[in-house]
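You will see subunit A twice below: alongside subunit B first, and alongside subunit C after that.
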Partner chain A sequence: MKCHIPSANVKVLGKAIQTLSRIGDELYIQPHADGIYFRTVDAQRSAFATFDFHRSFFLHYSSSSNQASSSQSQAQPEICKVAMKSCLSVFRTQNINVEMCKLFFSNNGRMLVFQLVCRHSICKTHHVPVIQTETLQANYNKSTARNKLITQSKLLIDALQNFRNNQDEITISVAASKMILRNFTETGEFMRNTVRTEFALESTEFDSLQIGVDATITFNLKELRALLSFAEACSLPVSGHFDNTPGRPIIFCVNNQPAFDAEIVLATMSSNDTTAFSQSQSMTSQRSVNDSVLRKRPSTSIDPSQSTQKRPTPAAPTTPQQPVLSQPPITPQIHTEIEEIQQLHWEDDEEEVGTPPELRAQKFYFPRCFKDSTDSMNTTQADAVVLAYDSDGESGK
Partner chain B sequence: MPVQVSTTVDAEESQYQLVFRMDNVKNIYHLLKAINFHPRATCFATDSGLKVSVESAKCCQANAFIQTEIFQEYTLQPTDESVSFSLDLNVLLECLDIFGDANSNSSPTALMLRYQGYGHPIQLLLEEEDVVTDCSIRTLEVEELANFDFTSDDVINKIILKSEPLKEIFNAIEPSTDIVELNLYSNEPIVKLRTVGYMGEVEIDISKDSDMIELFQCESDSTSKYKYCHFKQALKALAISQKVSIRTDDGGLLCMQFMIKNDYGHICFIEFHCLPVVDDD
Partner chain C sequence: MKFRGKMTDAGAVRQLTNLASTLAKMKAASVTLRLSKDLSTFSMCEEAGSGVICWCALEQGQLFTELTLEGATAEHNQICMHLSPALVASALTSSKNALGVANSVKLKLTNKKSPCLTFQIDLPSIGLNPRTCIHDVPITLIPRSEWPLHEHPEVPIPNISIRVSSVKKVRTVIDRLRKLSSKLHIRASSNGDLCLRTETDAGTFATFFQHMPVIQSEDTNDGNVQTVSLWIDAKKIAQLLASDQLNTEYLTLGLIDDRMLHVILTQNDMHLHYLIAAISL
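Up next, the complex of A and B:
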């Protein structure tokens, strides 16, 4: 792969990489016949972002390797995974003097090279080591989403300014030509000192707001803010596609055909129980957590009767006696094709989207408490087998 | 403007070894700020002006030269020993900035400095719009500074560059870099700056036909490495300069001279020496 990027587009590429760096720590670069994908996914596999730069974005683009020495490289596209921080340092400064940027592989595909040709006959070359050759893709379909919004980024940026920066999740509800943004709070904290913010937008404020079906979804705000700052920098509108099917992700897009388009896919929390939360006035920390989970298993549909899980016994918030999440796999709209070793690793610490930070922290530090085996109600005969007797009991003998 | 370089004995000022006056403290403030990478500074007063030196870890040293032309009045008593003193540079800078706008253009602060001699403190008088502040700064024993002997005979390579493009190059260096490698070649590219970090390798090449190069002399290709934490002390001086001259000798000692022009058109120099990192193999 070898491409030349003109001066004006170097800034766009820099902004794109900055946006991707706010989402994930590793950058997947996948050249294809018509352009290059720059992709990333976050650590919890709950947000996926892709920037597709087409041929017209580049001054010159050739996807296949021209190395005559390796005949195999003709067939295989040169894909790679690199550390996000390394690429970010290439575009760290304003780079107003950059006349052109060249991007290519060197050292037999082991190094990715960003070469910035600048004014005053200065040439800056960044050699970024390739971590692995690996692809990243997600299966999703935004055309089937029944709700669609198109707006200038400024509208959403201004709306989100009303929410605090440390707000992780936001709930949007659409109904009757109106969109309401609310910050997401756990029921238990209803009585505590949390600020609850609600912001309503009429459909006339958007460039377009098509509501096919009333919906309420909750998703992570951080990635949306990243995309909005990119859209603002490029002065492009943002479109959003979502539905009310539980577990269905929300997709935000920034299009600049024919040069490039960008999409982020965010996993959502199911709507049914979030509305139940806000109405609950219970003093006990009754939680019914039903989150849409990203799993790498075949999709199954949800049975609504199973959607509420075992209610926990009222417990002090500090003890990790939380509900055991043994619900059946919910429709995963995003699959990631990754190497097997990594897949095993991911299954150990899956995270549910939309779980509040405290719960996530508890689950991180006390993982065994959340597994089936530690729930006394689930103890089977096999678990009752004692493998080692109490040393105290034997000492008296 | 009237400049007095007086070495005669003046009845009023006979008790002072050094007296100088400056109409705008800005002229001296930003020079001293640029070399403020170590709290201790040593000042040498000679007939040609004031030299302020700062040294860090015995391997990098900066000297600011302020000629007598910059001062409105400069009086130095003729003595057998050289007039020199050490003081805390941070304290001096805070005193010079006591009216809060040493760096701005609004209502200039006037400065008068008096030094009686060994053992006596520095007396500063600062005035802005009829408000006068009196400061007294304790002086310290002058410690011997490393003598980076850089005679013209040893110079191998010399290059004079415009500061503005160089600022952007140095600002682009990752702060976490450990070592900066400076290569000067007789062939293209004539200047190659290389940094290696955990994020990868960065090379910056400057070509012979670059318009930022005013002079280039290369006797033999040279490669020398410097620790970035020392090298970056020069960047503050680079930021306020218009031109810089970079010289290396056969030992790899780096000498950068920054030409700084102030608002009145006067030229001052800041010199920066840095010892190279020597590989053990």
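Up next, the complex of A and C:
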């Protein structure tokens, strides 16, 4: 893969990487026939962002399929995963002198090179090591969303000014040509030190607000803020697509056809019920839907620890008052696809028919208590050896 | 208990916002708001249980164009509550957006699962209807038995009262002197001299201000210049001046010989009172 980016678009690419850095820590770069995907996903797998830069964005673009090279690199595109911080440092300075940016792989696909050709024949080259060869893909469908909004980023930024920076989640409700934004508060206990904010916007304020079905959804604010700052920097409108089905993500897009388009997919919580139990239920179903939505497909070496990693609850507010959300019990009603979630198995124990379930569980956890091994006649030689003295007798505390 | 007030004056909203930010910066754990027919009084105690050391009373007529108030009982027609000034300040900062200032800010006492002070802000919008932003600030109501604790004390008449217009200069001087020593000596004379002094092992450092307008002094028949002085904790006054978000026009320092310093920050008609006790060397 080899591409040249003109100076005007270098700024856009820089802003895109800045936005991605606010969402995830690793950048997935996937060149394809028509352009390059820059993607990332956050640690909790609750937000996915992709920037697709098309051919017209570049001065010159050649994916590996065009190159007459050895059969190895022709077989697959040079995809990679790199550290976000390294890419961020390439675009950190203002770069007003940059005339062109070249992006290519070197060292047999093990290094990604950003070469900034600046004025006065200065050339800055950044070599970023490739962590892994891996793709990132998310399954979602924008077109089935029944609610759609299109607005200038300024409107949403203005509306979000009213919500403090420490408030992570926001709930938006659409009904009857109005949109109401509310900060999400735990309904179990009313937080005594947070302000509850409600902000109403009429549909006339938006460029377009199509409400197919009345919906109330809750999602994380941080990623939306990142995308809005990108949209404002590029002076582009933002469109949002969402539905009322519990667990369906909300998708925000910034389109600048034919040069590039950007999408972020945010996991949502359907907060229709207000009881803590149903919250934990919806969080579990959300987590399982997420797992089916976001599937990493490693192409070459798979890091086994990553795929078996237990996925923590997405978009869970990290407050201590939330024990119910961190480890929700798996109830039989969850029948969506679940990948590798560790479950508390209380399967029937055929050998012990007739024992009540509590006792069965106790026997599972505390087997020694039920053994007739407490009288001294049964102590073996090994037990008689004193391995450690009583700590009480030793030091005069 | 009922409370409903509507603010339409942008200046009043700004005053309230500045006051809330100032109190928030003082890092008071809790601030008390007392609402009565005539006044809204914010007061702050240093520690729970000790007396009020800081207060500011705003006239209801200046803040609200419409006001409905029904207090705890008919004779005690007041509402007292604890609230967090930081949350009030952040709620009130919504009263300005890119399109202009709010048309109106309505305050209401509500009970949404717990008592709240609700700020309903009408903002200008591109569309037909104004945008509404509603903030519910959680509060704690104070029972009537505790009301006397939160009343601001009667300040004895100071021996000398001096007006300081150059607040910035005095603040800079106090910050510098504070770095040298934790105790600050203030001396004011009836001829308009103000002296701020600290003493360390290295030496004595003093700054003299002259020709300050004297608001009030005790009459001395023999025409001698009367001088009042006291030692205070420099940190307290430095912190007070640092948290000032009021666009203070002038300071009034009332000195009571060896007992107390009464500082009043004035902006427009708003006076923020602060009492600092004298310390012994």
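Simple rule for what comes next: the second predicted complex is superposed on the first by the 264 of 397 C-alpha atoms of A that agree within 3 Å, B and C clash if a C-alpha of one lies under 4 Å from a C-alpha of the other, contacts with A are read in each partner's own complex, and residues count from 1 in each chain.
Just so it is clear, contacts are C-beta pairs under 8 Å (C-beta built on N, C-alpha and C of every residue); 3 or more make two chains touch, one makes a residue touch a chain.
Please read all numbers here as calculations on a predicted model, not as lab measurements.
Visitor: Should the superposition on subunit A be reported as showing a clash between subunit B and subunit C, or a fit?
Guide: Because the two structures are overlaid on the shared chain, the partners are seen to fit without clashing.
Visitor: Scan A:Gln161 for contacts with subunit B and subunit C and give back first, second, both or neither.
Guide: second
Visitor: Given the touch rule stated above, what does A:Ala8 touch, subunit B (first), subunit C (second), both, or neither?
Guide: After superposing on A, A:Ala8 lies clear of both subunit B and subunit C.
Visitor: Just subunit B (first), just subunit C (second), both, or neither: which does A:Pro129 touch?
Guide: first
Visitor: Quick check for you: in the superposed arrangement, does A:Ala33 touch first (subunit B), second (subunit C), both or neither?
Guide: neither
Visitor: Tell me the contact category for A:Ala176 with respect to subunit B and subunit C: first, second, both or neither.
Guide: neither
Visitor: After the two structures are laid over each other on chain A, how near do the C-alpha atoms of subunit B and subunit C get, in Å?
Guide: Here the least C-alpha separation of subunit B and subunit C stands at 10 Å.
Visitor: Which stretch or stretches of subunit C touch subunit A in the complex?
Guide: Where subunit C meets subunit A, its residues are 84, 87, 90-91, 94, 97-99, 112-114, 116, 125-129, 131-138.
Visitor: With touch defined as at the start, can you tell me which subunit A residues reach subunit B in the complex?
Guide: Contacts found on subunit A: 83, 85-86, 89, 92-93, 97, 111, 119-129.
Visitor: If we count contacts the way the header does, which residues on subunit B are in touch with subunit A in the complex?
Guide: Counting only subunit B, the residues touching subunit A are 165, 168-169, 171-172, 174, 189, 199-212.
Visitor: Quick one: which bits of subunit A touch subunit C in the complex? Just the residue numbers, please.
Guide: Within the complex, subunit A contacts subunit C at residues 154-155, 158-159, 161-162, 164, 190-205.
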